């Protein structure tokens, strides 16, 4: 049995805007084990980014962590609840035990400071190194993430780096203190396709070498398939389905996950076969549906779906999905293909 | 990198030259010439005056003479205050104007920027609302109104400060506040919005995600970026202070350049108007140049691209 | 969990809320967003009220902006009323006594007939002429602190027509001659008089010389270098006796708290020591200025002038800026480079200086044509109004040009422009039909912001003496005129100054709101 790194329980985060409460995350729970790469997938507004920011306690006004616990297991087995820490205490973990990289490398580095300055600052914050040692470490890290000529490049400003190089520098900074957990929030979305592959490859390589756990947040199922070991599918601020990458790709149990598969092109597809989009648009988080958030778009909506969100039902040892269809009293599981053709 | 500064400097010199030329010809096309009075001056006197000031020479010759004078910082004689040169008048006005101007600029920086930062950090609190209310008033109420209210309240009703002149330290309070009121408000608004904008930026979130302490996030990572637009404003601010001084010097009866400028505008003393315009414009352009250079020191993107982003 | 309802929901009942929303046009959307923004609605209402104030206001007052009632000069919006016996009076700061009704309507002035400096008594009478006998006049004012040297409201002086004064036309020396002096009597009788015997009271500079009728009803101000220059005065063609009301004192000499000097009003032997009541000035809601003109009316007319100047200047800026910017942006390449270089140069000049310079040049310009044996003046720079519009209108287009060029540069790459080009639509039509309308949002915002800054600049120029000329007045000139009497009559400055501030606030709020409503970045959200 692998050691746990992170336990998230009943996490709820809302943004209190002047127009009303936006319920971005509505009760999310999951566990993450050492060495796992957990992909969180969902469309924009599904709450995946807010989940990761909530874990890091980086939710800013008017956002608020309403409920839930985030238990972080340290190397020595000590367990801390991030939700009970204040920002100052949290700073000891951020960038140290738990690091994060963001979607847009173009804007995620401070434009007015040299790469050197930004990396050394983080390293010195979390270690006892002096300036020279930290600089040496920074150069080593840049080399590790594949920046050519780190001796010279480290003195550059971010705008002198290309997008891919900036993301590499971001990753180098993130792993500078050997974190147990790296959260990558859409790390490749803003990059060219070829660069995307390189960055994913880099993440995979670093993960193998350092044995750190990764939470990879993306809307791209292809990215998930490439690097993840486990997957959580989110929709409307809730978990729709979770399981191993194999479960999610080969035996999707939730109509939403099935819909996602329908909407991406398959290499095995017959000619002229059309992609099937999921009809409708994501729920208004200001006023989310009472029941299952996917019910307005689901082809199998039942009365119960409108009344109450479904709990997670076990599909197999490793897979769970929140859909009333999986209830033991539910009518026979409909054939998804048939339903689609009927439309 | 050096070529950027050289280019900017040359362009500034060219602009000053252009302004001098335009100003010269604008004031030469005024009908009647500089000695036209309500009451006609006898032709013989007019002729001798024109000869004395070389006004009967062809226009291009006068222009070259003027430009020659300009290169040696000689702005010619005043046509109204006989016996005085424009240089005399500028030099007489400089001490007072620059003293209140420098104090006002200082006040803008040491009050406007911190107030803006506090307001941004305490956004949507009572402090913020109060500061922004005052700042909105400050940018909507003209400086002459601020000045007169100061005189009415603090000089007239309360008798705390003198109404005119610069003869005691207290006398500086009125003109400096009147002169800086608009810019303090503007700078604090600008700093606030810029700071709020920067605090929303990804790199601030990155710094937080890397465990950088809140103080460092704000004063190292956010502030330097937030000050970029503020620094950009400093150039025009100097102009606002100089031109604002026209009014403030008039109201507080300060013997400064602004007062002389307004006086010579009203007296139709064209050489003084011309000389002072060129002086103001040159000063403004030099300030903007200095600001641009300062700006390139803060923002590395400007320096290396070799061009301004404005 | 026994009663879970697994009945399938029909698709029609499960309509997606998103798809049922009515779609709005761009401008409907902008209006909806603008309505949501409280401060911008306040701004919009404010702007509408100011415009109404300027357009309709002057029709509603019984006065013209140039109507002068010298008896009622410098009256505040609220009058101190004393009841003495059955008479209600207001004593002004210049010790004029005005009869008022209980409610605050002005009924007329009770003229001063005699000053007794020794007894510190001023005598007033409702009759035109009274004879001072032992019984004394009806009304008199007593005050221990009366100081004849300072508190004169009415003075006599002499003026020389066409006098040459070295300080220029605006600096005029005034000589106050004590009334009831033999000098005045001599003047009234048209006799010669040795000026040395005239009591020389005080001389001070005032801003403007006003030559009026020689009968002395109009204020006429003396233009003299030094009172002692005139040795003998002959009342005739060139020398006029003048009767003028003047500012009581210049600020420097006014003792602090002088307004509180209390005095006793006596009428029919009834004494009144203190003010009984403060009532609204029913005739002049905002009070009157130093020439007895209604401040409210003048502020309303000032609104017209200020807003007309701002509006026309903004429109001129709009036309020049949009034309220049769209040509530069659409042409691109070297045309754009050259045009933008010019804009850069203009931008590096402090524009207020150039407005001033233009004003200086333009005010000397007179354009007239000779038609049907008559000279028709098309443009007279010294009127100020046209001059200020031209000066503001031709200088501030640079920002607009930059903005429009930036917009056009982005827009001209859009497919619909390419489509229009491929079907052979002319460049001019592409600019006017496709590009400018799509850049209209930011253009409108910048125009909304330009109006208050034009009001501001106009006020500034008027304040330094380059504005519209008397008797017309903008808010800036009103503020400038009120400046000299500030400590005594602060309301004269307060009203035009508040008008400027309110206008600035309203337009700024509206502009901010419009920017938020039109901002394409926010449109996504």
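When the chains are written out, they are named A, B and C in that same order, and each has its own residue count from 1.
The rule is simple: a contact is a pair of C-beta atoms (placed from the backbone, for glycine too) under 8 Å apart; a residue touches a chain by one contact, two chains touch by 3 or more.
Note that the structure is predicted; figures quoted are calculated from it, not measured.
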Next item on the list: Could you compare the number of C-beta pairs in contact for A-B with that for B-C and name the larger?
Entry: B-C
Next item on the list: Average the C-alpha coordinates of each chain, average all protein C-alpha coordinates together, and give the chain whose average is closest to the overall one.
Entry: B
Checklist line | Euclidean distance of C-alpha centroids - chain A vs chain C, Å | finding: 63
Item checked: Chain centre separation in whole Å, for chain B relative to chain A (CA means) -> 52
Check: In whole angstrom, how far does the Cα centroid of chain B sit from the Cα centroid of chain C?
Finding: 25
Item checked: Residue numbers on chain A that touch chain C, as the complex places them -> 279-281, 284, 295-297, 300-307, 324, 327, 329-331
Margin query: Quick check on the complex: what are the chain A residues that touch chain B?
Written below: 56, 58, 87-88, 90-96, 99-100, 102-104, 107-113, 121-122, 125-126, 157, 159-160, 170, 173-174
Next item on the list: Over in the complex, which chain C residues touch chain B? Could you list them?
Entry: 162, 164, 168-170, 251-252, 256, 345, 348-350, 352-353, 356-358, 360-361, 364-366, 452, 456, 459-460, 463-466, 479-480, 483, 486-487, 490, 493, 497, 500-501, 504-505, 508
Margin query: So in the complex, the part of chain B that touches chain C is made up of which residues?
Written below: 12, 14-15, 18-19, 23, 26-27, 29-32, 38-39, 80, 136-137, 139-142, 144-145, 148, 151-152, 156-157, 159, 163-164, 239, 242-243, 246-247, 250-251, 262, 265-268, 270, 273, 277, 280-281, 284-285, 288
Item checked: Partner chain A, residues of chain B touching it in the complex -> 201-203, 205-214, 216, 221, 224-225, 228, 298-301, 304
